[in-house]
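Dropping a structure here in structure tokens format, bear with me for questions.
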Amino acid sequence: MVKVTVWNEYRHERNDDKIAAVYPEGIHNQIAGFLKEAGMDATTATLDEPEHGLTEEVLNNTDVLVWWGHIAHKEVSDEIVDRVHRRVLQGMGLVVLHSGHMSKIFMKLMGTTCDLKWRDVGEKERLWVMNPSHPIAEGIGEYIELDQEEMYGTHFDVPAPEELIFVGWFEGGNVFPSGCTYRRGNGKIFYFQPGHEAYPTYYHPEIQSVIVNGVQWAEPTKRAYPVYGNSKELETIKREVLL
Amino acid sequence: MVKVTVWNEYRHERNDDKIAAVYPEGIHNQIAGFLKEAGMDATTATLDEPEHGLTEEVLNNTDVLVWWGHIAHKEVSDEIVDRVHRRVLQGMGLVVLHSGHMSKIFMKLMGTTCDLKWRDVGEKERLWVMNPSHPIAEGIGEYIELDQEEMYGTHFDVPAPEELIFVGWFEGGNVFPSGCTYRRGNGKIFYFQPGHEAYPTYYHPEIQSVIVNGVQWAEPTKRAYPVYGNSKELETIKREVLL
Amino acid sequence: MVKVTVWNEYRHERNDDKIAAVYPEGIHNQIAGFLKEAGMDATTATLDEPEHGLTEEVLNNTDVLVWWGHIAHKEVSDEIVDRVHRRVLQGMGLVVLHSGHMSKIFMKLMGTTCDLKWRDVGEKERLWVMNPSHPIAEGIGEYIELDQEEMYGTHFDVPAPEELIFVGWFEGGNVFPSGCTYRRGNGKIFYFQPGHEAYPTYYHPEIQSVIVNGVQWAEPTKRAYPVYGNSKELETIKREVLL
Amino acid sequence: MVKVTVWNEYRHERNDDKIAAVYPEGIHNQIAGFLKEAGMDATTATLDEPEHGLTEEVLNNTDVLVWWGHIAHKEVSDEIVDRVHRRVLQGMGLVVLHSGHMSKIFMKLMGTTCDLKWRDVGEKERLWVMNPSHPIAEGIGEYIELDQEEMYGTHFDVPAPEELIFVGWFEGGNVFPSGCTYRRGNGKIFYFQPGHEAYPTYYHPEIQSVIVNGVQWAEPTKRAYPVYGNSKELETIKREVLL
């Protein structure tokens, strides 16, 4: 059974009544809830826990980490970011949601600013499937329609996605690479754009399916970590020329 | 005329007679020399100059930066690395050579450890062209043969190259993705593996051609930097649902 | 000077007064015109010429072939398609425009149906730049706006583009991978979606710039065609085991 | 349970005693055997059966088709090739082995000549894992060593692999992109180079693991086939300009 840790900064839900009305138990519990229903072993961790809930033990027992953050990216300690980074390179999957695009961990893995255009006026989004054979699109129709979502618009300053699963169409005239996969080290990363805190996006059945699929796709591949460094020759080398 | 700055840590050539015998003027001057012959406006910068020779003014006047470093990666100040990083994201090209794979700037742009297998016994390498239509392969035969080179072997802990131009075959039984392109922000990056300081690799005509081609390929694309941040709608949005 | 042949089926412009009003000299002459203004050696060829204007001699003297077709794809002879296919694999660039997506030559190079959603009601399109460092985007703003264009919508049944330069936003709610590059053999291919015959798309300055850039990008790389087939060993092989 | 059909031209094993000694039941039965051991529902089909064993019924009941052919590619009827092609585009996985690179179906899906360098002198090959997080590499060490294999060498005239899983090092001085994935339509394709008929390659446990992994990776994604063709608008379009 895949072991998932859902991380949330968990601030909006405690500071803002409107957000609390949408996610009374916090975004993390909403997400962990539907992952459990899909048969996963899902737990949660939040910013204000010791070590942000991401101790070495927790991370060593995590197959896939789901990340939601927004207003408190800077409060995440560099030490914990480095710890998560090491674990991703060692094979832990990472699913980064919505405003997690500006999290320290995502920026560190991408090597770019991860900046984008945005607008929060509650406009319609339609997420189109671009890659019909990808397991992350399993069970999804031609598009997913969201009555209201924050607009995230191109240009998105990330490396070109290795696989582009969704492109978002926004009512206000923008487009966005809304579902992107990356591989870094031995880890797989899925970025998925929907999920502004003010809208009930994570209650949408197809959005839930995409996140479940994304977690499954990001599960670690079972093999030994590569050996780096000085390496003896595997074949005889003629040393005709003196060094 | 493309403006190139060739950066070199310039230590081996001053501290080790064997290396000085190969590159008496330093690796940077050897590279700048053949870039000039190819009609480029090439200057040099080295670690021990103030600001490592990479002042704001120098970088703002650089179209493409070539980077060679090996034993002193840690001596490069984080401030200068951040400055180079910003310039790459704004559009400056970057050609990273050989042991530059462990430079702070390359690691920061890749988001991974950039580690690899290595062995320095002076074995033969044969670099095969994998992408025959790529401008970086222009004028290059089916392969480039180097009598002696340091072995760099897979797994190379970088993101999958966006374009794989060369794969190196090593006498001792290893292979390596020896010519790789990436795009980060508005900048183009070319990593090219050959060039251990103890061998006359940068005197090889085809190696020189590849670097010349790589610099040309990495030249900035002329267009305005994208606008990020809050962005007004371009089309009328129906706000049927109250926010 | 890059030698371009602009191929057009040239039927709409002769059979339909409305189209003739937009392109009185034919789409091919409109395109060849702005390519010449950009300093290129551009000629034209059309379906009803002998060998569709694409003799061995013409193709052997073509660096980049631009293709526009729509209602007469089936009238293009398989022999000529095979001839163009061979030339692309040998290095000739190919720029496929708009409804050329269903041309025999594009389908043969892609290996898929090249099908898509479409709708021709004269809606607005906005083409967003996705890849800011790509030379095909040189000089282009954040997006190109077309008052009226035929809608082409995802899913587009082609292989995932090797580079995705533009995504089109359509007023009616669709998106499309509107600027895509591919490499096949020694040839480079650029598909660009705008250009329905009923709208003055090829008079738009930025659309013209993209096509000029696309032709430049698709120019052949100068190197010998790879050698295939039986190949003697380059290194001594120990034959310890009898065959 | 994944339903696999293993197709083999089945000629060498009946015409050549040396090959019969290696694969007395045919290559197809050897492969089907280890797929069954891995828990798959594997059956076989061969060239000389009616419709080459690939009736509509067989293909409609196949999740993943494995293909081995060599000397009789031309005897495969175009009608059956078109049938397999349609099924791949509809979602059936395809695993193409060794000399299957020149099969009609692979060439049709790739759009290129699929040519390569080759040499059959029984040299050593070492297949290096290039993509450590890919499920096709699950359980595989840093490399797979084959005492004797036919050399397949770069340049391999196929589109750049979407994912490059293995690179082969050959004793005689060549390299090859030995494990490549592609997506075409709704189908996933894995090409894997080892498997010359004269060597016991398909008895090698790690080669078997790769093929098992490849079949699993290529399983169809469950979702409706995309709708193509004329498509009504999803949003209101302002028709300010008369058509």
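Letters A, B, C and D name the chains as they come in the text, with residue numbers starting at 1 for each one.
What we mean here is this: a contact is a pair of C-beta atoms (placed from the backbone, for glycine too) under 8 Å apart; a residue touches a chain by one contact, two chains touch by 3 or more.
Remember, it's a predicted structure, so these values are computed and weren't measured experimentally.
Q: Which chain has its C-alpha centroid farthest away from the centroid of chain D?
A: For chain D, the chain whose C-alpha mean is farthest off is B.
Q: Tell me which has more C-beta contacts between its two chains, A-B or A-D.
A: Result: the pair with more contacts is A-B.
Q: Between chain B and chain D, tell me the centre distance in angstrom, where each centre is the average of that chain's C-alpha atoms.
A: Between these chains, centre-to-centre, one finds 36 Å.
Q: How many angstrom lie between the CA centroids of chain A and chain B, rounded to a whole number?
A: 29
Q: When the centre of a chain is set as the mean of its C-alpha atoms, what distance in Å lies between chain A and chain D?
A: Roughly 32 Å, centre to centre.
Q: For chain A, which residues are shared contacts with two or more other chains?
A: 126, 129, 131-132, 142, 153, 155, 160, 162-163, 171, 173-174, 183, 185, 226-227, 234-235, in rising order.
Q: Over in the complex, which chain C residues touch chain B? Could you list them?
A: Its residues touching chain B are 91, 126, 129, 131-135, 137-142, 162-163, 171, 183, 185-188, 220-227, 234-235.
Q: Could you please specify the touching residues of chain C with respect to chain D in the complex?
A: 89, 108-113, 115-119, 121-124, 147-148, 151, 153, 155, 157, 159-160, 162, 171-174, 182-185, 198, 226-235, 237-239, 241, 243
Q: Residues of chain B touching chain D in their complex?
A: 126, 128-132, 142, 153-155, 160, 163-164, 167-170, 173-175, 177
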